[in-house]
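In the two complexes that follow, subunit A is the common piece, with subunit B as its partner first and subunit C second.
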Partner chain A sequence: MGKYILKRLIYVVVVFFIVSFLMYALYNLIPTDPARAQLEPLKMSLKPHEYEQMYSDLRREMGLDDSLVIRYMRWMGLYPASGELLIQRTDDMGNPIQGARYEVLITETGIGGKKTERVLRVLTTNAEGEAVMQMRFGTYKVKEISIPEPHTLDPEPKLLKTDSIFNGMLQGYFGKSQYFKRDVVSVIKEPIKNTMFINIFATIAALGITIPLGIYCAVKKGGKFDSVVQATTILGYSIPIYIISLIFMYFFVVKWRIFPLMGTKTPGAMYATSTEELLDKLYHIALPVIVMTFASLGGMTRYVRSSMIEALSTDYIRTARAKGLREKVVIYSHAWRNALLPVITSILAWFLGIFGGSVIIENTFSLNGMGKLYWHGLNSLDFELVLAIQMFYTVVSLLGSLLIDLSYGLVDPRVRVDK
Partner chain B sequence: MALLEVKDLKTFFRTKHGTVKAVNGVSYAVETGKTLGVVGESGSGKTVSAMSILQLLDANGYIENGSITFNGRELTDLPLKEMYKIRGNDISVIFQEPMTSLNPVFTVERQISEPFMIHQGLSKKQAAARVIDMLKDVRIPNPEVVTKQYPHQLSGGMRQRVMIAMALACKPRILIADEPSTALDVTIQAQILKLMNDLQEEKGTSILFITHDLGVICQMADDVAVMYCGQVVEMAPARTIFGHSKYLHPYTEGLLVSVPRLDTPVTQRLEAIPGSVPHPLRLPEGCKFAPRCKYAQPRCLVEEPELVSISENQSIRCFYPDMEARKDGKFE
Partner chain C sequence: MSRKSDKNMVENKTPKKKSTLVRWFRSNVLRKHDLPYDSASAETIETPLQIVAQNFFKKKTAIFGIVVFTLILLFVLVGPQFFRLNLGEQDSTLTNIPPGSSMMKLPKELRNNVRDIAPGRTYGVGIDNDGHLYTWGHTRISDVIDLENIPDEVQAADLEYIAAGDDHIVAIDTSGKLYVWGNTRRGQNVYTSDIMGAQKSGKNWDIVQLEAANQCSAALDKDGYLYLWGNTSNMDLKVRKAYQGQIAKISFTANEYISLLKDGNVAYTGFKGKGSPFSVIPEPLLQGKTVDIASTSKTMAGLTEDGEIHIWGKVDRNEGAIPVFESKVVKLYGGRFHYSALLEDGSVVSWGGNDFGQALVPSAAKSGNVESLYVGYFQNYAIKENGDDITWGLKGFPLGTDDLGRDMLTRIINGGRVTMLVGAIAVVISTIIGVTLGGIAGYFGGKVDLLIMRVSEVVGGLPFIPFAMILSAVIGSRINPQQRMYLIMVVLGVLSWVGTCRLVRAQFFAQREMEYVTAAKAMGFREVGIIFRHIMPNVFSLLLVSMTLDFATSMLTESTLSYLGFGIPLPTPTWGNLLNGANNSIVIQQYWWRWVFPAIIFGLCVICINLIGDALRDAMDPKATER
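On to the complex of A and B.
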């Protein structure tokens, strides 16, 4: 089993890198970039050449001039995102020299591909003979310009050291949201909690209903109840989720006034206890959860039903009955264990569908969740935020499929590669 | 009195196109410690008649008429709760397909210990010990290893041994063997049949042996019931059927000559019964076998013969049971 898990884990890692690169490359095709997005509010107050200058400075500073692979690796945290430039100047005896001056030069690509060198900063060494500068992206050149007496100027400084700082996804830095002007992590924190909260309830509710319902329909195949469920589920399956939302909103909010229309808490409410806060939250997410559950009922019920019918018609079920097992044991132990296999596979697709579906649900019900944030990020061209959310979806689906693979091995002995 | 007696059993199936009379008035009996062989082509109702005994019919099947008595007890109208106690305990079944008849997600141990646990109330541990004994009984090498294995790790012959072990777990009075060797290759088939014969001698179990293979019947059965289109067409001791009897049903005769024999001359064509089993919803009038019977007379096509006793223990459903006479064209 250990080998099996390890193999799956390696797959997950490989797929993660492939998907993340594709995502990164894809979002780079958007005909705008973070630098432009950042300058957008200043656009009107700047002269065209000032705007161009600022734009190219910003691009360089943000590292947008580097090649796609470098940028991807930097974003992932495999390539230094920034560094510390450290100059240590000593004389022939190894004593530090104070007051040596250095020019830090940078190569810029101007309009028409013309390359020009520009002095970025001038550094002077301190009493320890050291000068430090934080750098961002790009290629730097350091030139010694003057040195105090009685030392003579060397063509090269004695010691030049740069410390690389990796700062990417792998280090837990997901970038900075251009729109919110904050770290993506802090932007995502609250919505992620809300989304998880809603989806966990919707998942539990949906599985809790669809599995018993599907099994019951399979056992009573062709009966009246089964026919009614079949008709209802195909209806629920065919109606898009936003229509279902609107219908439910009309009845539960407008007509019967049972649930609030939107949001995750009562506006302006002060809570005495955390229990009260939780109850208010549950009250608010009840309707979205009902809608999501209802929307997922159709497909899952039909799936459980059909795989259960198949399992019940097999030879080993007849064997189980011939042994004298009670019908309950035959259905819930012998048949269900086998019907579970195809169901598990479909749970993954469905689970991800819930996350995807929540883009619509969260917008409809104005819930502060990942789906809404994603939508918002796309609209405001918030490149790094959108990418981070996309990666969140990627990780969820990869972990989901890993979980499915592992539980498959648990349920079906034939899948266990080695014991 | 016979241990198991099936009398005038009628098992029908409701389908979209009408009622299929899969078993239409079948009677046979299994004696204590003896083997009754039921022979017939696919669709002759041999499996359905056996499944009726344990009420293991599909949802659309039902017993229309007749009685099944086991040890003096009527089984046809037995409530399911009582039937649970008989299945796998007094009467158990070995199925045809060892590949699909074992549950793929449970170990051998779990599957064989179930009958012990439900019928004898043994604990999991006690049952596990008995499973090892059972596996030894059916001559499985390394029972301690096999017991922890899953069906997909075993060969067809081994799986059938597991099936037999499972069926014999609670020392049933009657074993229904539904083509237990059909899906196996010939050498394994011989081993399984020998095993069943040995176990019958050891434990005195009665066997209801269903097959389409006359060779197997000859080896296994004491008595034979030949079935065709849901009816018994001939009932006789195996010795009578295979021992050049004067009287035989034309269908039995057809089955016998269609089996290749070592003493058949190489140049002689193997005879086959022409045509095929009629569709269950469009059964012919008169004798069901008449359209395929080479001796059929006008009378056979309109009038249905009864199962008539020819001698003390042989009965035949034919107007002209005398083989010699009908071969010579003597129809009275």
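On to the complex of A and C.
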């Protein structure tokens, strides 16, 4: 079992990197220029050459000129994003020299491929004889330009490398949302809670209904109740969720005025206690949860029913019955356990599906969740935000598939023996 | 022996119970005849396909599914021939009209008893010879305003003239008192001081013409004084002093008006003057020989003494295509995009924009004897000498219109075509990929299988909707709408082949151990040949089921993407983006036809496909009969 889990884990990690790279590469196809966007407000107040210089500095600062792989690795946190450039100056005796001035030079390729050197920054050493500057990771040419009297100037430029600071997704930094002008982490903190809340609620509700219903239909297969349920479930999985939402909105919101139409909280509400806040939230998400539950009834009930029928038609059930076991024991202990295996797969697959599907629900009901944010981010071309949410979806689905495999291994011994 | 004859009897009886459709299918498609036959020989004839078909057609739900789906398919494939989609189509006067066909339905009290009719935007209003007022058509302007609610004082008054605008009605009674009702929030009932004064004193207040248009109205005095009132922000509602007292007739376009003077010249009497395309009046109309004027929303027409018609303005709806008249034109009328002319011999000719048949004169009106003609917006009412009424033009929209005034029926039909096309091609793409990869994996097994299965796990593990959204957003941002449609097909196809691949692979695993494959190998067939010519036909039946169900799924996904705004972009309609923006309480409640009809037809279509798919699967699954 241990080996099996390990194998699956490695596989998941590899897939994660492949998918994340694909996503990153794909999103890089969008012709956007964050550096120019950031400088745009200053454009009128700057002279053209100043503007160009600031622009190229900013591009370097943002690392936009690096290759795709480097950018990806930096974003992921596998390649240093920045580092400290440390200049140390001592005399021959090893005593620190204070007040030595240094130029940090960079080489620029101008128009027509002409290479020019430009001073990026001038640094002065402190009492310890050190000058430190936080810069983008890389190697810089440093030249001494002046030094206090008794010492002699060292005119030979030196190549100095910065140390490396990783700052990517693996370190928990997801970038900055261009639209919200905040860290992505702080932007998605609240929505992620809402989405989880809604989805878990809907899952519990749906499972609580579908499993007993499916079992009952399988046991009473062919009966009137079964036929009615079969007909309704076809409706359930044929009608898209947004149409179901509209129908429910019509009845519950417009006609009977039971639930609010949109949002996750009453606009402008102030809460005295946190219980009050929770109740208000529950009141707002009730209808979306009902819709999600209803929409998932169709598919799930059919799954449970058909796998239960399969199990009930096996020989060991006949044996169990022949032994004279009570019908309850036959159904729940013998048949259901064996029917569980395909059901687990579909439950988890469906659980993942509703994460993707919550994009629709959240947009329809204007809930402040990941799906709504994702939609918003895509519409406003908010690069880092969308990527972060996409990674969230990917991680959820990969963890889900891992969970499917593991639960398979747990429930069915053959799986872990085979591999 | 007795048992066998029993069975024979049952076999012979069963065909009688079958419905006509099944019998037709059996005899024509399956070449099975419902003649008494020997059961033993019949069983030898039955091929697996026939058994499947038999099982399939035993299910009522399957027959229902196939019939309804075929109807919808025909509706969607043939429909666009009759309901042509015009992507640029939109009309501010036709927005959010509920389903109906009563826009030209004269009340029976008005039949043979018409004094005046004013065709309004989506309604009509008329006075009978006793001065009673009637409205018909879609009169509801908003939640609270309904033109049908005629004020009591109007009901009591003896009305002389009546005019209908976009959202208000103006009437004047024989004593010269003005009435306005309907939407009055834009100053439709705010009279200028001139009007108040004239009304009070009675000087220059002998009204001979009453007009109403987009939130404004006009009244013309017998002595040539013109009074204009209403919403001045979108209308040139001023008269140059010099012209007061000379005006014989006026006519409104969408934003301006033009006058016929008493001296037989046409003049632009408003303040906009130069710069307006209407101020360039054709020369023949300035020679004092003009007898009538009319206007559409963007053009003007003038009629000279000798029956010649001159059109000017922004002519873009065929208004300029004046037909050849068989007799002299005596009067001219204008709708929103079309003109109608009453000829000397009492016949009517219409031309111009013909979107709703408003320029298509019925033969009854062509044959003459028309005494009076009332034209406005998209409607024509002709009253014959014997009092009969003839109407042509816009009756109404069977499924209503959307927020841009587009016919929902046309959009549903054309949208269905797009949705089905996208779904079908996406399924074809996903099937091709799935069958190829699944076939290779299943046939060769080993490392190839492992690789393909890992790839399929990655693709299958991707969250579908978000991933499709990002693909559509990233690639779709730099291509045109047509290419974007292809993109959606490809995205759907490329993301949804995993199920097919797994199915085909599993089937291949089972099939490749069969004797016929060994035989084929022994005979030295190429492997590609064995895969596609020998094994594939055996997998095909299951593939058909998965394709059917995938088709439904693809349609659902496409519509979901379009609903979210990441699928087929507007204005191209699909069943998904028709519902785009329907999730607010106003649309849900007041404009219910905008979401109910697309939802019904789309839901029905998907249900039918799923019914067919389910029935097919059950028919092919030998276990199904046990269930």
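Here is the rule we go by: the second predicted complex is superposed on the first by the 373 of 419 C-alpha atoms of A that agree within 3 Å, B and C clash if a C-alpha of one lies under 4 Å from a C-alpha of the other, contacts with A are read in each partner's own complex, and residues count from 1 in each chain.
Here is the rule we use: contacts are C-beta pairs under 8 Å (C-beta built on N, C-alpha and C of every residue); 3 or more make two chains touch, one makes a residue touch a chain.
Since the structure is predicted, the reported quantities are computational estimates derived from the model, not experimental observations.
After overlaying the two complexes on the shared chain, residue contacts for A:Arg89 are found with neither subunit B nor subunit C.
Considering which of subunit B and subunit C touches more of subunit A, the answer is C.
Shared-chain residue A:Ile360: touches subunit C; no touch with subunit B.
Once chain A of one complex is fitted onto chain A of the other, the partner contacts of A:Leu235 are limited to subunit C, with no touch recorded for subunit B.
Contacts of A:Val253 after superposition: subunit C is touched, whereas subunit B is not reached. By the touch criterion defined above, A:Val411 lies against subunit B but remains apart from subunit C after alignment on the C-alpha atoms of chain A.
When the two structures are aligned on the shared chain, A:Thr319 is found in touch with subunit B, with no touch to subunit C. In the superposition on chain A, the residues of subunit A touched by subunit B in one structure and by subunit C in the other are 221.
Listing the residues of subunit C that touch subunit A in their complex gives 454, 457-458, 461-467, 469-471, 473-475, 477-478, 552, 556, 559-560, 563-566, 576, 579, 582-585, 588-589, 592, 595, 599, 602-603, 606-607, 609-611, 614, 623, 626-627. Of all the residues in subunit B, the ones that touch subunit A in their complex are 54, 56, 59, 80, 84-89, 92-93, 95, 97, 100-107, 114-115, 118-119, 150, 152, 163, 166.
Subunit A makes touch with subunit B in their complex at residues 221, 314-316, 318-327, 334, 337-338, 411-414.
Contact residues on subunit A toward subunit C in their complex (touch as defined above): 11, 15, 18-19, 23, 26-27, 29-31, 221-222, 234-235, 237-243, 245-247, 249-250, 253-255, 261, 309, 313, 352-353, 355-357, 359-360, 363-366, 371, 374-375, 378-379, 386, 389-390, 393-394, 396-398, 400-401.
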